[in-house]
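Chain IDs A, B, C and D follow the sequence of writing; residue 1 opens each chain.
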Amino acid sequence: MSAERRYTLTLSCPDRVGIVAAVSGLIAQHQGWIVEANHHADSQAKRFFMRQEIRADSLPFDVASLRERFAPIAATFAMDWHIHDSAVKKRVVILVSKQEHCLYDLLARWQSKELDIEIPCVISNHETFRGLVEWHGIPFHHVPVMPDNKDAACAEVQRLFETCRGDTMVLARYMQILSPDLCRAYPGRILNIHHSFLPSFAGAKPYHQAHARGVKLIGATCHYVTEALDQGPIIEQDVIRIDHSDSPEDMVRYGKDIEKTVLARGLRFHLENRVLAHGNKTVVFR
Amino acid sequence: MSAERRYTLTLSCPDRVGIVAAVSGLIAQHQGWIVEANHHADSQAKRFFMRQEIRADSLPFDVASLRERFAPIAATFAMDWHIHDSAVKKRVVILVSKQEHCLYDLLARWQSKELDIEIPCVISNHETFRGLVEWHGIPFHHVPVMPDNKDAACAEVQRLFETCRGDTMVLARYMQILSPDLCRAYPGRILNIHHSFLPSFAGAKPYHQAHARGVKLIGATCHYVTEALDQGPIIEQDVIRIDHSDSPEDMVRYGKDIEKTVLARGLRFHLENRVLAHGNKTVVFR
Amino acid sequence: MSAERRYTLTLSCPDRVGIVAAVSGLIAQHQGWIVEANHHADSQAKRFFMRQEIRADSLPFDVASLRERFAPIAATFAMDWHIHDSAVKKRVVILVSKQEHCLYDLLARWQSKELDIEIPCVISNHETFRGLVEWHGIPFHHVPVMPDNKDAACAEVQRLFETCRGDTMVLARYMQILSPDLCRAYPGRILNIHHSFLPSFAGAKPYHQAHARGVKLIGATCHYVTEALDQGPIIEQDVIRIDHSDSPEDMVRYGKDIEKTVLARGLRFHLENRVLAHGNKTVVFR
Amino acid sequence: MSAERRYTLTLSCPDRVGIVAAVSGLIAQHQGWIVEANHHADSQAKRFFMRQEIRADSLPFDVASLRERFAPIAATFAMDWHIHDSAVKKRVVILVSKQEHCLYDLLARWQSKELDIEIPCVISNHETFRGLVEWHGIPFHHVPVMPDNKDAACAEVQRLFETCRGDTMVLARYMQILSPDLCRAYPGRILNIHHSFLPSFAGAKPYHQAHARGVKLIGATCHYVTEALDQGPIIEQDVIRIDHSDSPEDMVRYGKDIEKTVLARGLRFHLENRVLAHGNKTVVFR
């Protein structure tokens, strides 16, 4: 998210000799300047993961041409790959309910351009934050969720997401379970913040579960949404110390600070193409 | 664990008005000097917890007399209570298997008198650490554990613990499940270090479970042993950050640093009478 | 900051026998229900510190009467003391410059009543956040600061603070050094957030100083403002891990997450009367 | 430190296009299997840093031959470079005084082969740990340090280090300042653990300095020793939370847990050739 334009290549493929040489050879051949490079070989899955950030102005051609030249290498090594151009801003749709902390936090980062993204709209099942969102010049859509219209509500969320050409959906304490259809529609593109250190305390009221168990630390988890509730690939986690004197309400309050920070970090990793999911796990090139 | 002799009063009782006034009134009446005081009211359990550390030389009578004078107050408020005299050293029996880190750590703290305790013996199901333990002048007992003699082995551990008049038993990565009889014999007196951030990853091979789930932090938990495996009251926990590049073996290695630190902290809280268990939870007055 | 009305007694005095007994005796005599109690004896300064939270409805008289009854005890022990009534909301004036993170964070906490305070106004040397602040229904005052009018600007800040009857002034990355007069006017009432782990990197551009020194963690410090720049009593601190790949600009970005969290925690401790300053240090009853 | 034999290439050079391609091209040409790879470009210093771990058995020649083939590339790019063969164990000389914690910790890691090193000897200015060290089968040298023989003592330390062919010297709370001659003799090869979060509280009695300043976290720093006291390149740091109730003696005790962990981590990074010093800073490829 530097001001400098960059192309970010991410890939994964079966691990074998020569991947780095082939990729870096292509880039070097055209005098490409690599700003940041990360590799990871998963010895269990026998799979190789790579991320390269290249200064756009160091290459003598554009991103389409880079993709064209890279395709033969990708084919040779059977790569899943993607080249992102930092000049194309990601479009992030935020879903909220009635809790303020993650929304304010994301708006602050957007307002200051710390997150250099478009927010084409905010969607909520409540009207609570219409004023704040619209004051920021961002469209706000109220999609009520009732026990008997959950699937229809999710379909409406999906329609709005499509209409505004969203890339990424962020559940910023949305408090509603998405329909299986919606989960399946955007694998690796919907981020949730869960208010516990998963896999402990999945499901409802995790702070109350934590209080009942008497743990000494509580946490939060940013993960990709899959059909299995709170089971998707974990992107980022953190914890905060509590003690016996903290009520569930205190934990809710402390937890908010962890939740918003973990969500913002996880989202940033995702937006910078630092997260490569594989099966139910992630490689995060920090 | 100061060099200065102290009496430590710990108590819990149904919460009501006047407890602190009654206790502090008694101490003040005899010019007792309170060095440290902690209270906690559990509003759900409607129970009150208290710990007071008093300079022994500030009172005009001995600990037996203090107990005698305190008994009527305790009766009035239906207290569970205990007065510990720091001049009486706790006797801590350590159980180990073949992993070195917690044992070395505890021996170092004992050698330097950071832990001002007696270690009447170390018990192990392997001979691995006989030399090291005996070099420190501490008796070492080898109690082999085979699939067909587990209860007998636990009975022998109990006999040794009784014979050496142990106060506290520490499972310093003992890697064996204690028999229900042994667990029941010493409630709140057997400490275990579990190599995960409970309640996640109870049972065997928690680091491999953590690796499979793809968590971004791993942890360790010091808890009192009860019959339910890894379910006892939690005394202390901590975590350390990992990432995708860490194998289960790396996690085992990182985890050792957390395990020994968390065990040492939990043990110290226990030895200083800072831990008041109630149901399946603990109050820890740090 | 519970919904339940409470009186919070804070005091410090020369340490001697009988303080707790006298205080708790008075409260117990009137059937006062102590919700939370903390003591600290500073053995070097030979000074005793205490905080008691009492349920207002457990006492048969009002706060004025409680103060009247407490005065003789306070006199006997030469106490510095204060009784705060939670029904009286604190009035917090926020000073900002052009950085958004602490301001958005505080507004979010105020909006959700996590911080149950009045914000009578926000003061800034820039117009940047007028719209956001006024949208929240809070008056905004622009007090420009130029090299040649610093003292006059501080005088204007003080006038605004007095006019709106402020209790506490929060420098939420205000980026201006207050005049000695202003510092002296409100000891223990002006909180600053400094973007380093003090005492390292006091003064300007601490993240650049940290980058030049090659530290592996960066931090933030919430402290009371005194005339000596970045030297006042520390209320709260925290750190975050960085590495060689982080530029000063990255550190600025990471640091913002720590700054806003540390400021919010420090401010909360202050507002809940948990901070007792003594000399250049603080007792913080968490 | 895997059981698998590896060659570890570390290098730094002026940053330019083609470095990665040249290095990975050579390795790929001979079917070398890269297990781990890290790069860093320092945009201020315009310098490039790289570390590659290669499976020894994947190459058709030995380490001498690898070095020979690599030399022309190194010359082309003006590299500072080193290739380490994991079959050659590092020889680590430990210096201690009278504090036990770091020594026990390092011995435990050596005993369990977590640190797969040779310890040719331990040197101390006191006899305190002769028994423990010799029990482990490691030679122990007592080199007394008096006010009037400091330089001679350092010369004797250097003689012992040379005689036993030490690679790395570890000051495991040695509590003596090394002579300038000794510091200069082994740049980047002497590691110290300082008991503060540098640059705060350099010099003597840092915990007492920290107590006097009233900080809310204390720390430890592992750094390379240079002639300037506590000013050398920092390898690793960490902190632990304290509060007003902790005396300097409590801090000393908490600090020990941080010191030994930070020293062990820093030493491991160093032994695994993960630390590339440049000027007064380090690149640490974790």
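Remarks
One rule holds for everything that comes next: a contact is a pair of C-beta atoms (placed from the backbone, for glycine too) under 8 Å apart; a residue touches a chain by one contact, two chains touch by 3 or more.
The model shown is predicted, which means the values in this text are computed figures rather than measured ones.
Counted as hops between touching chains, the shortest connection from chain A to chain C is 1. Ranked by how far their CA centres sit from the centre of chain A, the chains are topped by B.
For this pair, chain A with chain D, the centres built from the Cα atoms lie 37 Å apart. For the pair chain A and chain B, the distance between C-alpha centroids works out to 41 Å. In chain D, the positions touching at least two other chains are 36, 245. Those residues of chain D whose C-beta lies close enough to touch chain C in the complex are 40, 42-43, 197-201, 213-217, 219, 233-239, 243-245, 247, 280-284, 286.
Listing the residues of chain D that touch chain A in their complex gives 17-18, 20-22, 24-25, 27-29, 31-39, 41, 58, 241. The residues of chain A lying in touch with chain C in their complex are 36, 99-101, 104-105, 107-108, 111-112, 114, 131-132, 135, 245, 253, 256-257, 261, 264.
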